[in-house]
Amino acid sequence: MLGLFKGMGITLKNMTKPKVTLGYPHEPIKMPDRFRGIQHFDPEKCIVCNQCARICPTNCISLTGKKHPDPNKRGKIINTYDINFEICILCDLCTEVCPTEAIIMTNRYELATYSREALLKDMKWLHANDQMIRQDNISSKPKRGGK
Amino acid sequence: MSEEKEAKKPAAPKTPRAAQAAGRARPVPPRGRAAGKPKEEKPLPPSPKQPVVDGYAKLIREKISPEAVESAFINQPNDHLPTLVIKKEFWIQVAELFKNQSDLAFDYMQNYSGVDYETHLEVVVQLYSMARGERVCFKIKTDREVAKLPTLSNLWSAADWNEREIYDLLGIDFEGHPDMRRMFLPEDWVGHPLRKDYVPLDEGV
Amino acid sequence: MLRTEEMVLNLGPQHPSMHGVLRLVVKIDGEIIREIEPVVGYLHRGTEKLAEDLNYTQIIPYTDRLDYLSSMTNNYVVCHATETLMGLEIPEKAEYLRVIVMEMNRVASHLLWLGTFLLDVGALTPFLYCFRDREQILSMFNELCGARLTYNYMRVGGVKWDAPAGWLDKVKNFADYMINEIQNYHELISGNEIFLQRTKGIGVITKEMALSYSLSGANIRCTGIDWDLRKKQPYSVYDRFDFKVPLGKTGDLLDKYHCRMDEMVEAMKIVKQAVEGFPEGGATMGKVPRVLRVPEGEVYVGVESPRGELGCHIVSKGKDKPWRIKFRRPSFYNLQVAKELLVGQNIANLVAILGSIDIVLGEVDG
Amino acid sequence: MDWYIFVYPVILLAIVLVFVMYAIYFERKVIGWIQLRKGPTETGPKGLFQSAADVFKLLIKEDIIPSKADRPLFKLAPILAYVPAFSVLAVIPFTDAPYLKFSNVAVGLMYYLALSSITVMGVLLGGWASNNKYSLLGGMRAGAQMISYEIPLVLSVVGVVMSAGSLNLTEIVETQIAGAWNVFPQFLGFVVFIIAAIAELNRTPFDLPEAESELVAGYHTEYTGFRFAFFMLAEYTYVFAMASLITILFFGGWDAPFGLTFIPPLVWFILKFCCFVFLLFWLRATFPRLRGDQLMEFAWKGLLPLAIINIFVSALLKEVPFLSQYF
């Protein structure tokens, strides 16, 4: 019988302890800097190297490039850039391979919508998603190639 | 730290295992870039486990049949794992011998998987002996068209579901299995997905 | 004896205590189980097939979703298998970080097991206490790698992130807190007579069963068989830490419970040692080629996940993608024994025994 | 016949309904606090209207009867469960004031115990008529459990009845006011009674009939809408009734302890009553569930002998010169 009363003591003690639950959605949850949320995309930095689309494990990134409008400059600029958040698993590999930090993670995590179509985010939307951008990007990036 | 330990044995992990696989004619894999700094092809230092695997092979040849062992070698990168390729006709006898003989006593099945090599199917069984702390790996090849192997479920109960899984995904029929049904996929599924020539019914998401 | 009619009861795939989408077709006589047939596959996503078309880095996020309660060990096993085959050298710092997160993940996983197991035997409250503590681990993981469940933290050759400033102190404080907190759990649960009644002598696994069914983790250790891969086939830097492997005696649910509780304490001790011996400088990634081409060969490695021996069997043909990758999923092996354990029990025991095996359906179904 | 005979029961029904709503609310709050949560907070200030919203939701829900169910019995079951639950309140005296006693029946206790055992019929019927295997198992468990625990429950109050020399609940209280609260001389009886009462109420650790992790929702798995509401109502009305009964039988009803008579008797009653209700919630948050066979064993091999011993000891001590005033 003692064990039963001991347990009752523990539960009674916990009754007055501060509550640990959060009042979401009234108070938004603050995510740490490294949190992998919805990506922000900066078209000006993108060099259309296609690495993000290639590394993506779920093939949710599709992009097309076009010739640089300035004929003196070489290379391409980005034309369209879509991420399908129906299948994106926010694994962070696209930002890891991006050589110019054109695509980076933000702290935004709310993706619920009313339709599947709304989950297909285009370049404009991703560019406008510029709040709470992750700061800690390059410093701890895996150093590949034995530098 | 296993990686460090291996690194101390020079060249051991970086050398293609096929070199020892006397019985298995395999091309030397492309190396160099993948393994970091290119290194000279050196003859392998003999593995400390070499006598063990030779002993196993000898035992099988003596006790069961001289033809039972197709090849026996040490998988050096994999922590010097003694590996024996057994002909499927003798496989069940070999398994019984290795489980029941008291000085072998491989009573624990660590892993049981199947591989499709396009030319043939293969099951790989890793056994462990709790009493002796020894590991051994068996490989048994079977034909792709008539994929049949004897069941191990009478020896290790763990083989039961694993064989069903292999049957489901690779289409190897285990003869004598008490309940040879698909494990994961529905009964009316067509094909065995882990075969290399399997065509998915539903392309893309 | 009254003759009663047997009845087929279909438990799951949606049922409050089925821990995912397991389905049990049970033939019961009154409440006594006469026959039982587990049906799995409702969560089969074909990870092994998908992985054949992915390169080694891309496989890592997929492993997060196998055993989604201990993604760190899943990450580790695929990295470890690849590294073993490539013969890579891992920086010390990365290995320490790996050990810390794996052991913390073990505690998080055991806490969730504890909560749900007690929920299965009908106690509501410990579940929330377990979640409170698990939550702290998850927030620390969130700070470290930016996710709470699907970490995708490890890479072939190291880990993605170094520990952020002050993180190791947090970990150490948490380890101290947790060791103390487990005493509270013992006070709340271990002495409870109803709990003892529900677990003592129930669902006994014999040594022979454990070996024959290749059980691992607490399911084999509760029978007294000393089988912990961290000791038996040491990987990473586990050989540097001093920890015990808790063993049971009888193999019943209570022993399993105590094994897992003691494992949490031991895991926290490892974490403390790892934080103390944490290397100052150094990289978090070893020397890894840009494109991971794994030399031809075959490898099987097993690591001790919270549920048991998590193995990874890779057949490589020298490409950047594996020819065949097979995960030895401990839940899949452990669940098999349920069929033998459950016949002759009643429904209340079924729920408790099934809960004690600690299965994760993402792992069973692969 | 006075007019209030018709009005007071309606008021009482309203009080019971409000009690049920707020008992559920406080149950969720208390368990929430114990589990370091906040409990309901959204509907109304501090979530006060949460239960009202729940009840409203249940009332406007579609009434679903499974096509394979036994329709008449399926409909009858919740009524059969609820009507006795409310009827038993008729004999409970809340204070000494005459207007708060509905019927001063001479065999009040007997009436309570007899009527309350009808509820198990409703539960059993509901479980059977749903034509659902979980419901059936839940109904069977409920039947076995409630009938088994009724016996120690009845036997444990025999000591109280002997000391009061009456089955009338008002008289039982009055003897306690004159002597000591029954909880002290009848401690063994009290322990047996409270355990059996919790089992009768199907609450943790005896909540087998609706064991969520085993039987989904037990006997009311197939019930929705207002029929489900009736089962819930019956359950919580019994909490109300049982808490009142314990207060009356063992804690002196409205008797003010330590001479604190300036506090009105009704308040004392409510205070004691709330303590028991809180105990139920507290137990629910702490204990795991017993297993069926253990439950039966406990009733027949544990509680029943104890209750019988209690009767004998009470009878014996009634003859001891000094102690007899308490027995």
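Quick notes on this structure:
Residue numbering begins at 1 within each chain, and the chains themselves are lettered A, B, C and D in the order written.
The rule is simple: a residue touches a chain if its C-beta (ideal position, glycine included) is under 8 Å from a C-beta of that chain, and two chains touch if they have at least 3 such contacts.
Quick caveat, the model's predicted, so the values are computed rather than measured.
The pair of chains sharing the greatest count of C-beta contacts is B-C.
Chain nearest the geometric middle of the protein is C, using mean C-alpha positions. One inter-chain figure worth recording: chain A and chain D are separated by 54 Å, centre to centre, where each centre is the mean of the chain's CA atoms.
Mean C-alpha positions place chain A and chain B at a centre distance of 41 Å. A straight line joining the Cα centres of chain C and chain D is 43 Å long.
In whole angstrom, the spacing between the mean C-alpha positions of chain B and chain C is 25. Shared contact sites, meaning residues of chain C that touch two or more other chains, fall at 125, 129, 132, 188, 192, 194-195, 287, 289. Touching of two or more other chains is recorded for residues 4, 7, 10-11, 14, 20, 146 of chain A. In chain B, the residues that reach two or more other chains under the touch definition are 36. Of all residues in chain C, only 40-41, 44, 46, 48-49, 52, 83-90, 92, 95, 209, 211-214, 225, 227, 232-237, 239-240, 287, 289, 291-302, 309, 311, 313, 315, 317-318, 323-324, 326, 328, 332-333, 335-337, 340, 365-366 touch chain B in the complex they form. Touching chain C in their complex are the following residues of chain D: 31, 34-37, 133-134, 137, 140, 204-205, 207-208, 211-216, 284-294.
Looking at the complex, you find that chain A touches chain D at residues 4, 7-8, 10-12, 14-21, 23.
Those residues of chain D lying in contact with chain A across their complex are 30, 33-38, 41, 282-283, 285-287.
Of all the residues in chain B, the ones that touch chain C in their complex are 1-4, 6-7, 12-14, 16-18, 26, 29-31, 33-36, 75, 77-79, 81, 107-111, 113-116, 124, 126, 130, 133, 137, 156-158, 160-161, 165, 169, 182-186, 193-194.
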